[in-house]
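Scrolling down, you'll hit the structures one after another.
Across the two complexes that follow, chain A remains constant while its partner is chain B and subsequently chain C.
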Partner chain A sequence: MRRVLRTLWIRLFNSALVIAVLSVVVFGFMRMIPGDPILALMGTEGITDAKLAEVKKELGLDRPLYVQYLSWAWHVLQGDFGRSIQNNEPVLPMLLERLKVTAELAVAATILGSSLGILIGVVSAVRRNTIFDSASMIGALSGVSMPVFWLGIILIVGFSVKLDIFPTGGLVSHNTRLVAVTGFPLLDSLITGQRAATVDILKHMVLPTVTLAFAPAALVARTTRASVLEVINEDYVNAGLARGLSFAGVVARHVMRNALIPVVTIIGLEIGVYLGGSIVTESVFSYPGLGRYMMQGIMANDYPVVQGAIILYAAIIVVVNLVVDLSYSAIDPRVRS
Partner chain B sequence: MSAATLPPAGSVLGALKLLAERPSAMFGLAVIASLVVVALLAPWIAPYAADDFTEGVLEPPSWAHLFGIDQIGRDLFSRVILGTRISLRIGLLAVGISLAFGVTLGVLAGYFGGWVDAAIMRVMDVVMALPYVLLAVLIATALGPSLENGIIAIGIVRIPRFARVARAATLATVELPYVEAARCIGASHPRIIAKEILPNILGPLIVYGTLSLGDAILAAAVLSFLGLGAQPPTPEWGALLYEAQKYLTTAAYLSLFPGLFVFVTVLSFNLLGDGLRDMLDPKSRR
Partner chain C sequence: MSAAPVAARPAPAAPLLAVRGLKLRFDTRRGVVRALDGVSFEVAPGECVGLVGETGCGKSITARAVMGLVPAPGRIEGGEIRLDGRDLMALPAEEWRAVRGSQVAMIFQEPKRALDPTATVGSQIVEAAMLARRIDRAEAKRLALDTLRQVGLADPERIMRTYAFELSGGMAQRAMIAIAVVGGSRLIIADEPTSSLDVSIQAQILRLLQDLRRRLGSALILITHDLGVAAENCDRIVVMYAGQIVEQAPARELFRAPAHPYTERLLRSLPRPGRDALSPIPGTVPDLIDPAPGCRFANRCERAGPDCAATPAMSEIGRRHFVACYRPVRPT
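Right after this comes the complex of A and B.
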């Protein structure tokens, strides 16, 4: 137990270090960006140098870079991510609001992508070298090769423009009113029992979810297939069959448990793919999540928004990786020692 | 990734024969070869120049204009064909950047070990902590949106991955008898790295490089689509898609063809890369 705790502390320290270094990098990058946020905000016309200097002073942008960084980092540690240069609202609440939207989308896509990927991977491995196997592996490779945004576009053209089944984008229809409780739109609509809103949100989620889940599903399918093939010829599989267990039972109980570790790793690592993919997907579907918010921040040179978004992304990924590492021991007792 | 061995030097034909056993890899190779030909001959294949105006606006595909005409009257087929050249060049340059820096760092880390290894790989870990797309977006934003900066961004993002592959392969090679022998006869570090290590870690690097070419082209398209890479009117595939998205409801074909080219190109590189990996790594031959 002591060793486990020690490892945990070291991992936590490393994670914090990674985020700290990243924060410096991001801060530096944002200051390299060509263009002045103040000018982007107020337009270039009718601004005197004196006025510009005054606004800069007000926002603290006249101080030396390292002072700006330290001041920003100190405030971030206290949960204050600064105010948006565009509308002067505090950044953190807005980031969290958008993150909740992205989170629902990412969770839906993770569930869809992982379950579909595992299912296809297992069936492909069990029915190795059949037409199903070849077809699904070609499909999986296509999934990895397909530009996410192009898939989104194709889905919009097919299901929204031509068939008119799903909306082209956005979180909800214009006439749908959302009552905020937790800030998670889908969850809120369920809690408050607004059936119509739930259906509306789900309808808007379908295409982005499929878009976002496609590439990860493909990766999970490939990993699962390889991983199941590794263990399917082990002695304990034959032993199970010899004792009269059904093949499906052996696969479900013994093969899956042993084959799952690499798959869990991949699903964990995929969080980066989901978050990266969400930036693109949200742009295609005008989905008001964190990715789209950050892109809007980038276009407006809104430093606090972009810095905050990236720190938030990094923190999420670091935490998820930590959880994935820890979950190994839950799946495979051998890792515990 | 295990240290793979290349077929004996000079047997390109032998390698092709091994590869020929894998139809999917050969398919990838054939498509890539055709794309290279198209890229080289693009100005002669394309009936129009990239910014030539023809008659009509937003015309669907026809025999005269295979991929249709875009919103300001340019022949899309010509633009996609000319874009082949740009996209392949992006792939090569970006992977060239990642390869040069990544392999240098990875080999140094693997060869010298100790604090050199620790220092290099910790930095790589930090870079890897951010999602690929996010980091590319960040760098491209910082440098300013342009085709060249997009290439640099994509090149930088993949450095850690190449470093990891090169380091793993170097670690597997550095303990081998011939490296020890070279050390015994007093060969210098640079000489050992150049003559003994590098030629023997080529296998995994070729595989990873091939897979990365597709990824780099894909990433470039994403950057352009987000407005951070190649800028219109450059006929880069992602930039074509960026322009086309405003016409989804009226002219979907404008989005269809450039995307199809990205997809098929990336798929081909992945098929070839997978085939090469299977070929070089006997363990994964099933």
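Right after this comes the complex of A and C.
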């Protein structure tokens, strides 16, 4: 237990370090991007140099870079992410509000991608060298190599424009009213019992979720297949059959757990991919989540928004990785001791 | 000593296991490997039969065939496997599955690899008991604790909660034995059960197997490459070479008067006090892809002659002593 705590402290320290370094990088890069936040805000027409200088001074953008960074970092440490240059709203509440929308999408994509990937991977391994195996592995290869935005556009063209089954984008239809309780749209609609809104939100989630889950599902399927094939030749599989388990029984009771150890790592890493993918996916589907918020921030050179969003992304990925590492001990007893 | 001890056990009328003319092939890229070519032997109820031969002679695959667990791409081409008179190969897969663990059970060479590393010993033995005896979990757990005690594991409650990696090799093999016997099988197949263990533990495990066999009245097929181990533990020994049975006889008879030149060479290669050098068998086992017709040992045999180019049939040369050889060794 003591060792576990020690490991945990070291991990937390490393994580803080990663985020600190990242904050410097993001801060620097944002200022290297051509363009000016104030010009983006006010337009280039009829603005005098004097006026520009005045607004810059007001926002503190006239100070030396290191002062700006330290001031920003100091405020972030106290939980103040600053205000958006665009609309003067505090950044953190906006980030959290958007994160809730993205979180529902990411959770749905994780569930879909992992379960589909594991299912396809296991069946492919068990039915090795059959048509199912070949077809799904070709599908997985294309899934890994297909650009996310392109898949999103194809889905919109197919299922929204041609077949008209799902909406082209957005969180809800414009005539749907949402009562906010927790800020998680789907959860709120369930809590307040607005069945129509729930269905509407789910309909809007389908295509972005599929888009987001496709590549991770493909990777999970390939990893699972390889892992199951490795495990299936182990002696304990034969031993399970020898004591009267059916093949399906052995797979369910002894193969899965052992084969999933490497798959959990992949799923953990995939969470980062979901967040990264959400930036593109949300833009394609006009989904009002964190990714789209950050994209808009980048377009407007809105420093506090982009910096805040990236710090938030990084923090989430760090926490998820920590959880994945801890989850090994739940699966593999050898790690526990 | 007279022949009395050999004759003491009369040939039983109904064997528990009867394997007849078993042929098994592997289709590989290089060609068809005829891993088993007409293997026939019987095991009487309560009997201990040693299946002896070099690595690759087909003893393990024979065991897997009896379990109905031939690994791909292996395929049984002919012959029959009868358990209590019932032709197992004619059974639907689901019925053969029900036989495993309840009527035939298996013990593996490397116990730590035969236990699921992520499942407790207890869960695996309970699983075996529930499947074989169709009992509920609580009863299976009682039986599991009792069986663990029977295989000489002190503190069975603790053992139930352990994982394979927490056990020594000897303890893990005891746990595997418990998993094998908990279903009440009348035939236990032990595939090199002591090869991966320390010498001091080997004797303990073999003694435990004998002890359990007598107490539970089950038959045991002991697969080993060690003729000495077979001699000490088995009533009868079946010697395999290159996918065929070349000789079978009661253990004492085989040691007193080995008839097949291969058996005789195997015995000579055993280390014994008073003998200076081991006498390994020259040459190598023939390729089982398109083996030459005739006796498969002929190329390594010092007694081989022109007649060995035809396949020798199994003939009875003594009481329950069979050999497949044209030029058997005569006792001197």
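Please note the rule applied: the second predicted complex is superposed on the first by the 337 of 337 C-alpha atoms of A that agree within 3 Å, B and C clash if a C-alpha of one lies under 4 Å from a C-alpha of the other, contacts with A are read in each partner's own complex, and residues count from 1 in each chain.
Everything below uses one rule, namely that contacts are C-beta pairs under 8 Å (C-beta built on N, C-alpha and C of every residue); 3 or more make two chains touch, one makes a residue touch a chain.
As the structure is a computational prediction, the values presented were derived from the model and not from experiment.
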item	value
Combined model on chain A: chain C and chain B, fit or clash	fit
Touching partner for A:I298 - first (chain B), second (chain C), both, neither	first
Partner chain(s) touched by A:T7 [first = chain B, second = chain C, both, neither]	neither
Residue contacts on chain A - larger count, chain B or chain C	B
Partner chain in contact with A:G244 - chain B first, chain C second, else both or neither	second
Partner chain(s) touched by A:N87 [first = chain B, second = chain C, both, neither]	neither
Partner chain in contact with A:A314 - chain B first, chain C second, else both or neither	first
Contacts of A:N258 with chain B and chain C, given as first, second, both or neither	second
Following superposition on chain A: angle at chain A, chain B versus chain C, Cα, nearest 10°	80
Which of chain B and chain C A:F149 touches, first, second, both or neither	first
Which superposed partner A:T130 touches (first chain B, second chain C, both, neither)	neither
Closest Cα approach, chain C to chain B, once both complexes are overlaid on chain A (Å)	13
Residues of chain A that touch chain B when the two form their complex	18-19, 21-22, 25-26, 29-30, 32-34, 138, 141-142, 144-150, 153-154, 156-157, 161, 168, 229, 272-273, 275-277, 279-280, 283-284, 295, 298-299, 306, 310, 313-314, 317-318
Chain A partner contacts - residues on chain B that touch it in the complex	24, 125-126, 129-134, 137-139, 141-144, 214, 218, 221-222, 225-228, 238, 241, 245, 248-249, 252, 255-256, 259, 262-263, 266-267, 270-271, 274, 286
Contact footprint of chain A on chain C as seen in their complex	67, 69, 94, 97-98, 100-102, 105-106, 108, 110, 113-119, 124, 127-128, 131-132, 163, 165-166, 176, 179-180, 183
Touching residues (chain side chain A, partner chain C) in the complex	234-236, 238-246, 253-254, 257-258, 331-334, 337
